[in-house]
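One chain, subunit A, links the two complexes that follow: it is found with subunit B in the first and with subunit C in the second.
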Partner chain A sequence: MKKSKSVKLLMGLVVCCTLLTGCWDKIEIEDRLFVLAIGLDKAEGTEGQDMQNKLSISFVSPVLAEIKEGSGPAYKTYKTTASTFTMAPSNLWDRFAKMQFFGHTRVMLFGEALMKDEKLMKEINDAFQRSHDIHQSMLVFVVPGKAEDVFKVEPMYDRLLATYITGIADNSTYTAKIMKQTLSEFLIKINSQKGSVIIPGLIPMKEEVRITGAGVIKDYRLAGYLDDTEGRVQNWLMNQAQGGSIPVKYEGTDIVFRYFTFRRKIKLDRVEAGKLYMTYDFETEGAIEEYLEGKELLDDALLKKMEKVIEKAIEESSLALIHKYQKDFKVDLIGVQDYLSKYHPELYKEIKKDYQQYFTEKMVLETKATVQVRRVGLAK
Partner chain B sequence: MGLFSKKKKAEEAEKKNKTRSDKSLEVNMKVIKAALEDCDDIVYKDFRVGAEQKLEFKLVYTDGMIDKNVINEAVLNALMVHAREIPPEAPRLIEKLFELVRYGTIPASEMKEIENLDDAILAILTGDAVLFIDGTVKIIVIGAKGWPSRSVSEPSTETLVRGPRDGFTETFRVNTALVRRRIRDPKMKLKQLQVGKRSHTDIGIMYMEDIAMESLVMEVYRRLKSIDIDAILESGYIEQLVEDNYLSPFPQARATERPDEVAANLLEGRVAILVDNSPFALVVPTTFNSLFQSPEDYYDRWFIATILRVIRFTAGTLSLLLPALYIAVTSYHPGILPLKLVLSIAASREGIPFPAILEAFLMEATFELLREAGIRLPAPIGSTIGIVGGIVIGQAAVEAGIVSPIMVIIVAITAISSFSIPSYNLSVGIRMLRFILMVFAGVLGLYGIMLGFLLILCHLVKLKSFGIPYMSPFVSFTASDLKDTVVRVPTFMMKNRPSNLARNRIRMKNNRSMINQIEKGGGNDDEKQ
Partner chain C sequence: MMMRNNDTISPYQLAMIIIMTVISVGVFSIASDVAEAAGTDAWIMILMAGIVNIVAAVIIVRLNARFPNKTFAEYTQELIGTIPAKLVLLLFIGYLTSVMAYELRAFTEVIKMFLLFRTPTEIIILSLLLVCTYIVRGGVECIGRINELIFPLLFIPFFLILLPGFNLLHFDNLLPLFQDIPKKLLMALPLTAYNFGGIEIALFYIGFMREPKKAYKPLILAISFITLFFAMITVLCIGAFGVNYVPELIWPLVNYVRAINLPGLFIERLDGIILSLWIMTVFTTLVTLYFVVSYSLSKVFNTREQKQYVLPLVVVIYYLSLQPDSLAQLLKWGDLLFPYATPFFLYIAPLLFLVIAILRKKGVKGDEKI
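Right after this comes the complex of A and B.
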């Protein structure tokens, strides 16, 4: 008797545990409004006012009927204003019969004005970190100008804007010019680097968009932009370059060095008179893609000379960006801090407090590149 | 010493309860005629033999169930014509009449003598000819069974590309012969009994004496003996009456039309039950794994068999889960599919008036209807139904906007998958579970499918067939038994019989080394061994 009672109780508990776990609504797939991209802007004309609706949020959703047949863009954009990000979807419930679904959101765009507002940035970051609707593998970009402008672009060949943008971002495998960052990477970095982070840039044009350069965020505020080449150098400095090409001039002829690997290492050379001397070591291998017709490239001496030229180009351009960080932005987004904390923890402990000051004033950063030309093409 | 010698005593005791025959033909016939009154298909043939025509005989048989040639040649011709060639010495003849007839005169191959009338009646109704002789208690039963029967032909439910083409028929004796022909071993036993108080259906238990577990054979015998029913019309009756769990959707005995399949199973230590009037033999115990096997797996080379097994297991999973997954994904978790696929599904579902679960039920039910109709209808009309159904399901429903094209694909894949499970019984069970899982998916999404699947697994793990776990060898884990599951290893590696079924486990010796020797141009025999 007693046993059967306890078994019954156990069964009841098991049934409760299994059946009361989870809680989600059944929404048919065609009743969902798939949000493919989100654009966040600071609402206009709210300066000085009560700031009731300080966010302007745009969404891109596909038009299902257009996907099957029809030409032209298969998506529509719509906009709402809200006081916080979380309020935006609920604001849409009184306008849309379908339920917004963020499971397939691919792209998140931030407007320039928003990024310059420290408080708003903090709020939004927090909203993303807590939200269970927003998944964090979507790509983030900063848009110089307004994010919603991007949604007005009608891409030439793609019928969905979001896949068009992610398609461009996937090209980062082939060229270091393009940066690709997911929301989770962005959030992790902005947290661990105390409000400073690099965010890829995206510029809307007439029939296309360009992923170019990056925005530099310092203390939750957009501090400036890196241009195309600087974006590439940024990838070198952060050891994130997967491939790309470097055009250089060799004795009046343009040559292109296309690299397959690009590795960087930071080395602490010495500490002298309160100053830290460090070197960025770059190692890259690649191919010379073009030169002059009739010229022999399988000449070791010539290749050595070319390698020197390329090395110099790499060293100079990276040194320029390092100086830009040290002097203009005054923030370390090039991995020095990470290196020191991991490889020289004792030293880092000492300078941790005034790190920014050390970085800007008491660090001498050098660059040194080693280029290896592995291939010279088919022509002899 | 056979397994069943103990049982003999009981049978003898049973005999005493039956009506004993009398010396007088007249008395016997009275009893027989009373019992078979109004049975107009019984033929009573009187004849007299002897110089003075004083020796009375009576041949009784059921019209249509005997081979008239045998009767004419072996009985009537022999007794009435040839007997005259012997010089009549009447007094001695009468004394030894029975012995003379029983051992000397009738040139029939199958004969036995009985002394009670109940057995005589049963023999008459079974199709034997029964010869009554005036003046003796003993009755001669002459095996002259011969009725119109289907010849051995290819089994229609278990066709193979490679393998023997013969299948069981409705005649018990033909079936036992088909198995016996494959195993010419005195250790292959066939124990017969009759079940059914009215039908007296012949049932044979086949097993290998030195391979099958004694306990298993006795258990099968015990369960068959326990059956008390008026008639056994098909082996399905037996299957249902001896199975362990009547609530389970999974078949606990394997029904097969193939004698080679039965032979293979006997050699693995299983027991086969053959039933008269049914072309389906039952093989027990059955495991989940064995229902996914086809005899062809062993005839084809091992990697072909392995690929086919993988396909079958995949098909089984698909047939169980696919519609449920469709419901769960479209109604609850569109996030787990690739973006373009999601949009294409969403686009195709737009304008469909039903939620996914109803859509799935509608289509699956339509398909089940079509399948059932296709089986019931005569073959010429059956194909028409196929076309009509194909158009209704495939095109009209989509064009009318009642179901989405994706759903049609799902139904089609599910249907094809369910047909690629070798065991029809199992595929029916899976069909049923599919609908249950669809409900689970409709209520709780993927989580529901997981719960449902867990429930099914719980049941499968608990289920036993004649004392053997249904999920063996996956549950009662023996590594060597896994050689014949999803993967079928090369034949020379399958040295052992299943560990939980067979007693005499060594099945073969590895001959690889011999073959390798020949390849190297012969060599010293001792070296390799």
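Right after this comes the complex of A and C.
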């Protein structure tokens, strides 16, 4: 009896020793170096040569002591070169006492030269799609120039660069000029649109950065940029605008229409002689809160006239961008393909094969806006 | 019998057992498989497959209702003779053992990728398998109870985690609907239907109910739940990623959870939570299949107890699960086995035995009403 008890005890001890001693995957939080932003650039070097380290990757990590007490910027940046993205962290391990951790990365920046390299783009996109430690809810931007230049900026009011950038991106709720796109959205689009996608642009300045316009990527290669106003129109065309203001001139006076909703619908009007006639329908409502002292704005007839002017401005600027896509970029990033495949699947099946040709040559796209000025502020 | 034996389950427990068995490693990948075959009509295919499986379930209950308090392992011997029945049973055992090995390995690969990079595969497999062993040795009532217990623990948090992802959804991604339905029914339905593999174990578990006729309702409810759950996951994945991207992913549901952004929340990343919940789905599947295997073995060798087969089975399952070299090979082997084995045990075998039972006038004549 006694013997069996001690045998049991011994077995228990053996089991404890074997099962409870190994925790292979323990990582203390102190051993982690949180990466807040990543910047990807094509490494400089002679073109055409077979370069070993073709990527130059910059990282931003917070300095915890500075966050608590310090006054200056609470982050540090560091750089490495690597042949692929996956190689970069392991290249850092021989320089850093802590492990890079990407779970809280907020911002990812791509340099211009990198985005013009088709092969590199494909490699990197695949790395992000497969990687289990890259979190896909971070925001992506293209930087005209070098991504690492952004990390030299010391923001005026914010002590962390990454939260400063995401803070600006959050303003997309108020102004359609700003585009906001997560890595996940970027990857989904570039994958399902066969290498074509829009990516918001970000420009470094002395003490600030600006989110402005966008890069147009066609066949995994940066094909051009959209400027500020075109970026806004892009948001309209893709039905992503959540608010903003449109400045127009009405009889020599500047007025600003501020809108809080903006809806876009595409309609296929008719198919005639092999050509597709489609209309973009815009619907927006908002307020005008500035005119001229001494003039009454609370006047239905006047507002109707103003609405017409604003409608015209919307229609013209969006038509200009549509033509730019049809003639210059020759790629459909304005949702026509998406619309046809979803709402006219039979028709889409016919034109699917040479869609690009259809888009550039056989589509007549019109725009039509309906503006409603609902409010005029506190004065009559 | 003087003492209440621990060998009965309630109708509610039957429903839980079926739900927890069918929902297993497949929840992560089902959207990808079905979207590849059926495009935007994926969720319609899943609903159709649900109807097909309800029919299959009705056949299974019909068959079992003719032999109250007997499981598939016992009444087949009555129907086609001892030796052929034991051969069929051995086939069934082989099939379920490979399913378990498959699930275990797929589970291990996912866990190793996301959670435990450096923990040896062997430790992950053995620790899960040994917990299963403990429960299976407890008998059928134990299994009924563990499923009953884990069901709310699993699904309530599961739904809660999927909720914050709703702002990722673009419901127009589900358009166009009803494209080439007849063709898809022919091509995609068989593929979708075998994702419901696991219902066939009702052939055994109904035998442990006191009144097998009461099995219609819980089984149909269970399959409806599974169908809606699968359809929901597919709609979420296609809604979030679009029908072109979902087939590119191995586990779209993991991507869905990883794309969720909850700023300011204590836990920013939810993939760890969904994975730990998922461990439970795999665990319950293993337990229910494990019991059927050990029980069938006891019937093949004519022993009274099933307990003694449980521990030796660990070695077999462990060995089998380590056979594939990689995830790619594992999935390839799965594609070779399941499209044939699952429909056989789920649809063909029950129908065949029911026909035999009717022709040979075996068993009590079941109440024809559902």
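Simple rule for what comes next: the second predicted complex is superposed on the first by the 355 of 380 C-alpha atoms of A that agree within 3 Å, B and C clash if a C-alpha of one lies under 4 Å from a C-alpha of the other, contacts with A are read in each partner's own complex, and residues count from 1 in each chain.
Rule of thumb we're sticking to: a residue touches a chain if its C-beta (ideal position, glycine included) is under 8 Å from a C-beta of that chain, and two chains touch if they have at least 3 such contacts.
Treat the numbers as computed from the prediction; the structure is a model and nothing was measured.
Undergrad: Which of the two partners, first being subunit B and second being subunit C, lies in contact with A:Lys68: first, second, both, or neither?
TA: first
Undergrad: Thinking of the overlay built on chain A, is A:Pro345 touched by subunit B (first), by subunit C (second), by both, or by neither?
TA: A:Pro345 contacts subunit C only, not subunit B.
Undergrad: Output check: A:Glu207 vs subunit B and subunit C. Expected answer is one of first, second, both, neither. What do you get?
TA: neither
Undergrad: Is A:His135 touching the first partner subunit B, the second partner subunit C, both, or neither of them?
TA: So A:His135 meets both subunit B and subunit C here.
Undergrad: So, does A:Phe34 touch the first partner subunit B, the second partner subunit C, both, or neither?
TA: A:Phe34 sits against subunit B, while subunit C stays out of touch.
Undergrad: Let me test your reading of the model: by the given contact rule, A:His104 touches which partner, first (subunit B), second (subunit C), both or neither?
TA: Both partners, subunit B and subunit C.
Undergrad: Taking the superposition on A as described, I'd like to know which of subunit B and subunit C A:Thr163 touches: first, second, both or neither.
TA: first
Undergrad: Take the contacts of subunit A with subunit B and those with subunit C, and give the residues found in both.
TA: Residues common to the subunit A contacts of subunit C and of subunit B are 22, 24, 103-104, 135, listed in rising order.
Undergrad: For the complex, which residues does subunit B have touching subunit A?
TA: These residues of subunit B touch subunit A: 329-335, 339-340, 342-352, 355-356, 442, 444-445, 447, 451.
Undergrad: In the complex of these two chains, what residues of subunit A are touching subunit B?
TA: Counting only subunit A, the residues touching subunit B are 18, 21-22, 24, 26-30, 32, 34, 36, 62, 64-65, 67-68, 101, 103-104, 106, 135, 160, 162-163.
Undergrad: Where on subunit A does subunit C make contact in their complex?
TA: 19, 22, 24-25, 103-104, 129, 132, 135-137, 182, 184, 187-188, 191-192, 341-343, 345
Undergrad: Any idea which subunit C residues touch subunit A in the complex?
TA: Its residues touching subunit A are 113-120, 123, 127, 168, 172-173, 175-176, 179, 241-242, 244-245, 248, 255, 258-261, 268-269.
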